[in-house]
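You will see two complexes here that share subunit A, one where it goes with subunit B and one where it goes with subunit C.
Right after this comes the complex of A and B.
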């Protein structure tokens, strides 16, 4: 960074004969230098975050609409199918094109393409693999006869429609799948068959759990924050400490504590058995109840702390004034106290809700198969199935939901950061 | 909440109900966090009370078993490096944001805040994808860079908060006395905002030390951090090393929490 002329030095060089604008110019120059220096300090972090964080996010999200596996592996077939619609006859030139593509596509690209076709039309991977192994690089004189000889499916529309629909470079296939929709043979968007409908239920479950947890956290957090804000200093300190304690403890540690408590051989079951209240250990873990009770425990600080900081600013005189004007306690609470706490409620509720949408570890450790939300499915399609497009489409849905709620939070709280207090 | 001497019976009942509620809530909040501490000193490999005989075998296991020891060391190394990097980048950016006046500052703030908003699974998956592309998949450096990106916004927030109370004229006075901008920052500004810088560094360290999800995607077996190791062992009912690890993590987070509270006190003291 160039050393800028310090304002103090330029000031000394002004002689009596020079007009004021010299001074003005020097000041401007010095300010500009300071400005550049300041921007130079911001730049490293911004560039770092763009490279390490924002570009990768963009790369992931772009996978939800990009569809290059099939055109890369089967360029001739894609070109041959270009003008075709399922209403017309299958064009004869696609048969030699497919034979040519299968002969020349490298194994890995071909495997990617087959996997992509399978996500759109089950059975396509097997068909492609079978066709490839039967052809064995041979170039038969009658491609159509050879292909239909390998599988009569090549005589029907289905396989060609699958290739046509996956011929990229952009697709809505993954986003539609993430909403339990697909394109039928004629390209019309329809719902998938009932037993394949997974994702709308998962989205609904994610929001449902977040809603339950937020509502219960508010129910428990409101009186607790009220108590902390109105008690004596000593009591208030103890209450706040018990809120900060889980806030600082790693989420994983808190989830593990609940699993120690709730296991079949865990502390609660042990106590119940000893007291003779139950004969058999109860199944307390791997269900919605265990998940919610742990999530409330984990996210309660995010509800209590914003509520507390708002309640702390409300002078007790307000309630007294309301009472002296004849308001009954409930009336005073509803008309005087509550309206002033609303921003805190909004901020706390949104913080809890947003975090619940994205939580992964707690459901993985404590929830059952029917308690998993969007984050689980994203991880599942990345780790197990390697269907990046679908993982990306689900990420788009999750990220959009979080972004909208976050914008609401910024609007409501006037803070640009999700910070507490 | 005090009971006034003139309180009627229903009022007294109300106050006692609230007190009982507060007590139960404290139990609910603090209780589960400490349940595994006694277990970590148990000699038996069972998640059971009462504990028949005490021993330090799980702690011994934690520092001697190659897997656990590597996880502890990985966590310490990654969290320290990420915290230092995030603090350097974050303090510089917070100072620059505080000094600069330009249009689009809101947009810059938004860019800086994104790592805090994006759900961890999405961050983990995308950085896994990108780091693998540039050959940093399954490396310590990759994990450190990822944690730095996640932690830097926290540093910017805490340092910005302290800077907003810092009097600009002090910097002008320093310049007037002949200090160049760097000296002015180092000798005048930094001592005043030190508490914010340390708080930010502690937050950054805690974030990196607590993270499971992002590390789960980015770290290979050789980079496995303590939380990842714990997550992998979570369903092992025989090896209680995990309770020792959890106790260590709990003690560490308590120490960090005390550190941050201390910084807050110091800040209040300097403000007076």
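Right after this comes the complex of A and C.
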């Protein structure tokens, strides 16, 4: 082995190094055009994705940790509180600082700051508004006396802790809230009081529903995909057509048609009543049952298609070979067929599961109050409460859990096993 | 020797109209290497699949060791099978593939390990047990498939065009390897192929299939030298088939006329009594060519014109046209035809009566170009 290699090296170094370099340059030049062309082809999509996808999502997610409302409206107060911790006395210079900030802050910034303080400490909004309207732009000589006169609360820690905790520019307040946690007056992370704990339950519910739907979709989709993958071309085309049909209607329409079927005066209850099977209409809607049925129906194609495409690649000879080698049908299925379908199961389950986590319309239309998942809360905080920080934090949790699931999947299935249709 | 497998009046139809296999009767003897040879659609693979248990006969039955297989599912037949594309399990290593038939039979782990090792040694893959099938070359995958089909010591091993996906050189060395494994183990082998060369080199006996029935069953030598009808004459080896008018049959010989070229005497093939149309079959290597002036001692002698000369190195083929327009091919040593094997040259061709036969014509027409020139088969 060594002899020819060294011969080649000496040959190269003596006479061929110059042409070799030129060869390398020529190769690079000839590839450049192809590279430019490739970049040109994907550039529009890359720009589009950056502008409408990555940037807005980044901006939204950054809201979950950025905390600028209070420092913008109350810069002097924030500066005066800089070195303070709740273990110490309230520093006297914060009183004039707050009076000064209230006097100079524009209406809108002040409102934002009050709203932000309210999310951390209920009652702060009212306190701030009351303080501002009582001061009416005046600059009393004894700021402390004036403030404590407006509300004795300014004499206690609570209000100052609230301002201190919201003094930015970064905060973990929203992320903690999204996990039913908060910082107490001493800055220690603790669980919120029992009646305020909603998000962990919502996260659990979201995952529970997603899990149920995924499992049932797999149960229903597997035999279907198997039949489609192993029948004749004509039959499999018809089968796939029926499963793709729901794709052609909007998710909203599909959810609404389920409500036509399931409501108290709907088709199913009508039929049951007329047949005399029930005396009163059944409550088929606004519960977990209706939600799961509709979700399975909507997401089944995402389960069937990856399964089908993987099953299609498994030669029918494999089952025959297993049989000829002495394996009973069940054994052949379990040891030879199933392991080869695993990438399809993984891809299908992942697709369905992730979409279930993010679905909003269907639970809103068909689910009850106890069937709403994280997307409902995100929409609620964006649309109703205008608490973008908390909405962003909930989104972060949703995004992270998907990322964790995906990483777990890649880890379990090996790097090349990802098959998405 | 006893028949280990018996096809008894087996028929198979898929659509109820056309029969894929028609009244098949065939005894396969213990320890022999039997090849089912035929063009695609001749029923050979279906016959094999019925023995393996993946298809069921529409009528008739198949006996294994004297017992009917009708109610025995494939996994209890104890028949090893090598599939066309090997059907190795891609998610298992080579060793796991070979261990599979032993594991489903619940053999003890120590025995499995030992037998897998022996099977790997047998096919010269001892060092590749940890690889996945897709990391192996076609020839290596083929050997794994053979090892897997033999490791549980089945009574019979079936092979369905196992070498079809390999290139020619590899195919030839695998033919020898499979043949030698068969001889060492003494297992009964049933082999399906459409490649007559493969069938001739490997088999103890060959069953030639056409249209769902066996045309002829015999050793390679028998099939080559004494084809029983025009189909076999044409299918096995190269052959010149020329239509002729039968004039007279006498005993084992008959006389006929090659229109415009002259009379021909030949062995009696499968003509019906009184039949007047036939085909003369004579193999290229039996056709002697001589310069026009030379004396020809052959019993059948004609004058011919050279239309093409093809040089193959160890032999040369001449495409010839007789006076009456019949075309045939001769095969001879290059030095024997050096002086007169020239396009346009007139010469004399001849062959012995014992080297040609007259058959009843078959509906399937002879290919327009002699097979010899399509490729060197």
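Here is the rule we use: the second predicted complex is superposed on the first by the 362 of 421 C-alpha atoms of A that agree within 3 Å, B and C clash if a C-alpha of one lies under 4 Å from a C-alpha of the other, contacts with A are read in each partner's own complex, and residues count from 1 in each chain.
Rule of thumb we're sticking to: a residue touches a chain if its C-beta (ideal position, glycine included) is under 8 Å from a C-beta of that chain, and two chains touch if they have at least 3 such contacts.
Note that the structure is a prediction, hence the values are computed from the model and not measured.
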Combined model on subunit A where subunit B meets subunit C, clash or fit: fit
Touching partner for A:249 - first (subunit B), second (subunit C), both, neither: first
Subunit B versus subunit C as contact partner of A:218, first or second or both or neither: neither
Which of subunit B and subunit C A:352 touches, first, second, both or neither: neither
Touched partner set for A:70, first subunit B, second subunit C, both or neither: neither
Subunit C versus subunit B, contacts on subunit A by residue: B
Subunit B versus subunit C as contact partner of A:340, first or second or both or neither: second
Contacts of A:391 with subunit B and subunit C, given as first, second, both or neither: first
Which of subunit B and subunit C A:135 touches, first, second, both or neither: neither
Which superposed partner A:102 touches (first subunit B, second subunit C, both, neither): neither
Per-pair minimum CA distance [subunit C against subunit B, superposed on A] in Å: 8
Partner subunit A, residues of subunit B touching it in the complex: 1-2, 18, 21-22, 25-26, 28-30, 32-33, 35-36, 39, 46-49, 89-90, 92-93, 95-102, 106, 108-123, 125-131, 133, 145-146, 148-149, 152-153, 156-157, 175-176, 178, 180-181, 206, 209-210, 212-213, 217, 227, 230-231, 234, 237, 242-243, 246, 249-250, 253-254, 256-257
Contacting residues of subunit C [partner subunit A, same complex]: 52-54, 73-81, 83-85, 87, 89-91, 100-101, 104-105, 148-149, 152, 158
Interface residues, subunit A side, partner subunit B - complex: 3, 6-8, 34-35, 37-46, 48-50, 52-57, 59-61, 220, 223-224, 227, 230-232, 238-239, 242-246, 248-254, 256-261, 263, 265-267, 270-271, 297, 300, 354, 357-358, 360-361, 365, 375, 378-379, 382, 388, 391, 395, 398-399, 402-403, 406, 416-419
Residue numbers on subunit A that touch subunit C, as the complex places them: 315, 317-318, 320-329, 331-332, 335-336, 339-340
